[in-house]
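Pasting the structures here.
In the two assemblies presented below, chain A is common to both, partnered first by chain B and then by chain C.
Let's look at the complex of A and B:
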């Protein structure tokens, strides 16, 4: 308490200033890395989710079993454990393979590894969110497209996926917010996302309260902006559907 | 019992069904039914609940997969595997594009406006230039009395308006034949007339149609041939005045009495 009181408002601003000796640039760089990872992981997760959902709904028995194992295992094991397993085990496996084929060991970028690892986790949740949303689409509308001779991929792109979006968006918005916060877990493997940058700044200056409050504010801002954007997206996806709000 | 098709105009065949069987698991819904529709024919399929009439219609465009039998659309036989499933997905898609289907529940796409519903398949599947498709769609909407609803979303239309839009959507593909699956069964009674009016106009202009319906008066009025299905078999068929005016089988007599 005394430390904070002694530091005063002016020095708090100094600590958070954009240019050195302030640490603002580091925090913003961390935030940007977090957004990149969350965005990449969410996108990859969405892609896995679409294939996963279609696979679970229409795939053969082998594919369905594989997908069931994937979604069960990923959703059962804590993210932190998965990140440690996937980050160390996967980079190690890649390097073992490279060496076996006579190549040099490579350093896998934290960004790429983070996206792949979190995307893999997100994909399991997205599979279930999208599967539920596709099942919620009135079957008659899919049947109408089929009856008019629409090929399957076009039907998915033009009819099923846009229709299921309004059912999927609340779940997907949750997944995105989880993704932004899960990026913090990558601090354990030393990747310079927001939490890691904050920890370094705090450690160097001993101003823990200031920096973690600042990080919290940045996470909150990211979440508020995301919520606003998802609300707009949901309004677009629900076009043509009468509002239920008036019935309250 | 069978109507002599040779006595009618010798226009080319649009749809032919031969020896069609369909089972859902152990339940045999269709036990060998036949149908021939020449171009310009209006075939009405009537029968009680569970008689297999909707299934028969849905087998024509393979929304249901037949268990066995032959289906010929415009002289082209649908290639089937021994279990009745279609052997050639592309052929099914192509043939479906020549059959306009109208459903009991309308099934308009709720995320598209009425105009977008109409031009979707012409533009994105059939490759019609967009301005051409829009012009045709607007003409068809005017014809079914919905010109001012082009920009509206389906949920904001009445059931009768939605069904008229769905008919216009099917027509927008310029199909060889129209398939109607109980098109007025989901409508409030006061909305039935406007939809039947549109179908009546189509019949009058000589469109080929297969119509599954509970509207007996209407079936008698518009059809050129009536099929009465009972328990998956054709119990009786013939020209409408004969079937409705002078039914032969006891089951049909009974049926007509209960629905009258």
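Let's look at the complex of A and C:
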């Protein structure tokens, strides 16, 4: 029994070794791709979210209704379906445009498509998170800045955005965790991120438990490390604010 | 109704109606009659998986929440680890771990192969239901922890003072108030669970998403099935939201 256990352990380590015949390098490459996509999508989502939140709060009636449609539809349709629709639509649109301008068709890289598609989805959630956070900024601060004659962009950069950060970070931390996990959905489109690489490794070696557990450990590490970093970031953003110990 | 009659909204509604009409008349829908029975079956399977996993996940989430909120450390620690692991890894990975992992392990064990359950375990849906249930339990366990902790202490002390046994306190006082507190979150989480169901198509369960993929593969029509699919999910989402709103309204709550 012990012998089998020892042999099992040795072969498991061999399978996960960094250099071939181990599959460690593939898993790590997948993890790096996942992090890249999640980071890009989160950044793009944040950008959409800032404009979306400002549009929802200060925009005209038409812009507001359009943004409401955007956030409602994106949040009601499964990410997997959106990824497929946008993946085909984005690829199609780019190629149509290229052909219209007399260029060749191109194959859009999975990385770029993944970032755009997930970023579009993240943007809808980020809009809601940031809208709530901006609303939580004491109105007196913004009024005071306006009374001082600050132009709108300076006001946003110096007053609203820094002040809302402490309210937005818990929601944004959640979004980041969702982004890291949503990258797994790109495996369905065949992009070589961590889950896809894991499935290939597992399929080739038939060691399903080993590889899926290893990938799970990688994802979990990523989550735990980011949770810790976001907690630190929140503490930094809250500096100078009175503590609300016991209230929550 | 009045909100819809503002001038700009009338124009936007008109544009939306025009887009819908354009979709109906210029896009290809000739595949629809042929695949309609399959689509209905797929919708039924999606709804069925959603309902079963939400109910079973909730049944697991209540003990998980209780263990984390008030349990001794030897119950609280495993519950917390379970919730962290489930929430920290993608559902797709959990699904594939269970399906491919258990699916390759079970055939090697003789007594499972010879048991009466084998015809069921050979299919894909038990693994789909198991993975989605565990996932829902993991997320809701965390929600219920907060909900159990949020019930005012005085309520529980009053119940104890009335001489209620512990089980009765749980079923009559603690659990109903915790669930009532968590109801808005649970509604949102149920929608999230609906949005997780298409993942089961990756392990060959034929839900509505799988049906749309099949139409795409059979007929090379890309957008139409996907658009219809999005509409189906939006309708189901709407029904879930309305149902939870009705459920919330059954218990009057005081708004301070």
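Details
We adopt the following convention: the second predicted complex is superposed on the first by the 236 of 248 C-alpha atoms of A that agree within 3 Å, B and C clash if a C-alpha of one lies under 4 Å from a C-alpha of the other, contacts with A are read in each partner's own complex, and residues count from 1 in each chain.
The rule we apply is simple: a contact is a pair of C-beta atoms (placed from the backbone, for glycine too) under 8 Å apart; a residue touches a chain by one contact, two chains touch by 3 or more.
These figures come from a predicted structure and were not determined experimentally.
Between chain B and chain C, C touches the greater number of residues of chain A. In the superposed model, A:146 makes contact with chain B only, not with chain C. Of the two partner chains, chain C is the only one touched by A:188; chain B is not. When the shared chain is aligned, no partner comes close enough to touch A:51: not chain B, not chain C.
In the superposition on chain A, A:162 makes contact with chain B only, while chain C stays out of contact range. When the shared chain is aligned, chain B comes close enough to touch A:241, but chain C does not. In the superposition on chain A, A:154 makes contact with chain B only, not with chain C.
Here chain C touches chain A in the complex through residues 6, 8-9, 12, 84-85, 87-94, 96-97, 100-101, 103-105, 191, 194-199, 202, 209, 222-223, 226-227, 229-230, 233-234, 237-238, going by the rule given at the top.
Residues of chain B that touch chain A in their complex: 61, 63, 92-97, 99-101, 103, 105-113, 120-121, 124-125, 153-156, 170, 173. Against chain B, the residues of chain A that register as touching in their complex are 138, 140-141, 143-151, 154, 158-159, 162-163, 166, 237, 239-242.
Looking at the complex, you find that chain A touches chain C at residues 61-62, 65-66, 73, 75-82, 84-85, 88-89, 177, 181-185, 187-188, 195, 198-199, 202-203, 206, 208-209, 212-213, 215-216, 219-220, 223-224.
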